[in-house]
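Structures incoming, each one as structure tokens.
Across the two complexes that follow, chain A remains constant while its partner is chain B and subsequently chain C.
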Partner chain A sequence: MFDTLMSWNDLLFMLKGAGITLAITFWAMLGGTLLGVVFGLIRAVAPWWLNVPLGAVLDVLRSVPLLIQFILGNSLQAILGWQMTPFIIACVVLGLYTASYCTEVVRGGVLAVPATTRRAARSLGLTYRQDLTHIVFPLALRVALPSWIGLTLGVLKDSALVLWIGIVELLRSSQIIITRIQEPLFVLSVAGIIYFAMSFPIARLAARLEKRWHEND
Partner chain B sequence: MNYTFHWRSAFQALPEMLQGSIVTIQIAVASMVIGIVIAVLLAVAKTSRFRTLSALASIWIETARNTPALLQIYMAYFGLGSFGIHLNSYMALLAGIAFNNAGYLAETFRGGLRAVPDTQTRAARSLGLGPVQAFRLIVLPQMFRIVFYPMTNQMVWAILMTSLGVIVGLNTDLTGVTQELNARTFRTFEYFALAALIYYVIAKLITTSARLAGWRLFRY
Partner chain C sequence: MIEIQNIKKSFGSLEVLKGVSMTVNKGEVVSVIGGSGSGKSTMLMCINGLEPIQGGRILVDGTEVHAKGTDLNKLRRNIGLVFQQWNAFPHLTVLENTMLAPRKVLGKSRQEARDIAAEQLRHVGLGDKLDVFPSKLSGGQQQRMAIARALAMSPRYMLFDEVTSALDPQLVSEVLDTLRLLCDDGMTMIVVTHEMAFAREVSDRVAFFRNGEICEIGPPEQIFDSPQRPETADFLKAVLSNSHKT
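After this line comes the complex of A and B, so read on.
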């Protein structure tokens, strides 16, 4: 029962796929976080005429299936004739998707800083920018970081959908192996364990951070 | 740009796509119902004194939360064959999403259960209710009040997850129908843009109606 046709080369192939998964996650998180911080700050401080339309646009990204966003992104670049590789499209689409979630995380963090604290900072003579960098940022980070890590885990898992636009990441590579050796249960379990090994330590870290940062609350 | 958009053909296919979106909603609702029932059991099992029971619940929850939903659907579609269970793509999608929902909701419910004070159970017990009765009539209703909004979020997630059915060959749900039309006409962008619009409307309908229902159900 426990003998398998899967070879070490196959495992190596899957680990390579896992590397692609991590690479896509990294670039999407990098772009998404940068955009998300900018949008989040705008959403926290901007007047309503900027805030409402921005919120509505970002809400669309959260209400449309990611798979369809990938398909639309892929066909749009074909229409525009941009000659981008699927890898870049995957990173861009996933990055925008990440940004829409990250915006809410950042906004929640900034809004969690009490207005009185900020007013106190300003009345002690800090400028608006000093207030942002020395008061709001450290306090908001504590609120936002656990959910940001949760977002990272979500993106890591959602990156599996890029297989539809032709990228061989972890799940697609396991599917290729399944087609050859016909042992779906075993190969998928291995893929699941690799995903688990990638995300479980991060999840633990987030839980520990949350516990440590809130023990004095 | 060397491309002419043909929106008319996409709009002509609208009735077919709306038919597909009914299947989408069906799967999402069914997966939520199954998911909620299992999640309550998992949440209770996780806090149980019996080690094996809580370990099993932990395994389910952590697997559901730490692996992609698509992998779970693959497991149901390809993997269960090893046990002699052969699901068609509809059932595999339903099983995969229900498994996923149960895992996520169990964590939500656990938080909700912790927020219901212990004194409530004790009061109910001292008024003569049995342990199951006290849980069902006193604790559960209060928990559902707390977890109602996270639950609507999960419902929207379930709708979005049904789009993965097309990867295991489902061709009756909204994405499946759209993919069939796409394969026939190669008007990828037009069709999928319309599908995206329909998904958006469905998601908004769910959040709005849930807000109204919550306002109606949970007022004091």
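After this line comes the complex of A and C, so read on.
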């Protein structure tokens, strides 16, 4: 039952794919989070004429299936002749998708900081910016972290969809091996274990941070 | 000197302050009493510019608070404000809560800010709680921390907004004792309060607010023993009979 045609080389091939998955996730989360913080802050404090259009654009990004966004993004750059590699397109599209979710996570965190706490900070003479950096961001981070970790884990798995624009990440590399050795159950189990091995430390780290912060609450 | 001149303040169509005027001189302790919604707390928020006003003006040491070009952040350094809901910064220790403003607003070094904060915290009796997080403190201790946090800026004025109203009854006295300390130090204070006995004891003058106006203002003996206005007498009668019941 445990006889398999899968070789160590195949496993190495899958791990390389996992590396691509991690790289895409990393860049998408980095870009998406930076944009999400900016947009989230705008959503939390800006007047309606800025808030409504921004919200509408982000709603589109959240509502259109990611697969369609990848393919549209890929086609668009081909038509415009930007000469971007599929890897960059993958990171940009997934990054924007991440940003649209991260915006809501950040907005929720910022709005969860009580107005009275901010008022106390301002009453001490802290400027608007000092209030943001020393009071609002640290407090919002505590509220937003669990959702942000959830988002990271989601993006890690959603990144599998980039195989449709020709990137060999973990899932695509598994498929290639399955086609050759015809052992889908075994190979997909290995892929699943690798996904789990990547996700689990992130979830644990988050749980530890959360526990440490809540000791003080 | 804080000069409040005929200020008007509305929230939407609700007029909260309908032309309030009073002057608080250096070293003076003025208590403000009155029912909920009479505009007492709102007036405090206006004094340090946390709330805009729709009419009149407020001068703090000659600076008009709501004038264009007034640096409110600078003005607020001189005016300490303590809230009903102490508003601790929950992610910072007691010491860090108190150090934050001296460091970031006054630009003190870490060591200097630490010394100032530790001294103020000792002053209010929290010398043994420096590295504790606010959540581990009682309400009374958190409120005393809030007072130390405001004092760490060495303000010229202290405003207290019903600082004992949200406390359990047995914790009220420790906060009032801290306020008495400040009175003894000669701090200029405006104290919005429901503690009539305390107001009578520490105040130079007492202002009775009613429906967004100062109904009567005078020395505590006048307000509490021989009020000139029937509304003042009615209010005190209602409050005092209430406190006997509890």
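Assorted remarks:
The rule is simple: the second predicted complex is superposed on the first by the 207 of 217 C-alpha atoms of A that agree within 3 Å, B and C clash if a C-alpha of one lies under 4 Å from a C-alpha of the other, contacts with A are read in each partner's own complex, and residues count from 1 in each chain.
Methods note: contacts are C-beta pairs under 8 Å (C-beta built on N, C-alpha and C of every residue); 3 or more make two chains touch, one makes a residue touch a chain.
All values derive from a computational prediction rather than experimental measurement.
Per the definitions stated earlier, placing chain B and chain C onto a shared chain A by superposition produces no clash, and the two fit side by side.
Using the contact criterion defined above for the overlaid structures, shared-chain residue A:S63 touches chain B, although it does not reach chain C. Taking chain A as the reference chain, the count of touched residues is higher for B when chain B and chain C are set side by side.
Using the contact criterion defined above for the overlaid structures, shared-chain residue A:T116 touches chain C, although it does not reach chain B. When both complexes are overlaid on chain A, the residue A:A203 reaches chain B alone and has no touch with chain C.
Of the two partner chains, neither chain B nor chain C is touched by A:P47. In the superposition on chain A, contact is made by A:W164 with chain B only, not with chain C.
Contact with chain C, but none with chain B, is seen for A:L124 once the two complexes are overlaid on the shared chain.
After superposing both complexes on chain A, the closest C-alpha pair between chain B and chain C lies 25 Å apart.
Remark: chain A residues 114, 116-117, 119-127, 130, 134-135, 138-139, 142, 213, 216-217 touch chain C in the complex.
Against chain B, in their complex, chain A makes its touches with residues 60, 63-69, 71-72, 74-76, 79-81, 153, 157-158, 160-161, 163-164, 171, 175, 178, 183-185, 188-189, 191-192, 195-196, 199-200, 203. The residues of chain C lying in touch with chain A in their complex are 48, 50, 73-74, 76-77, 79-81, 83, 85, 87, 89-91, 100-101, 104-105, 133, 135-136, 146, 149-150, 153. The touching residues of chain B, when paired with chain A in their complex, are 1-3, 62-63, 65-71, 74-75, 78-83, 156, 160-161, 163-164, 166-167, 175, 188-189, 192-193, 195-196, 199-200, 203-204.
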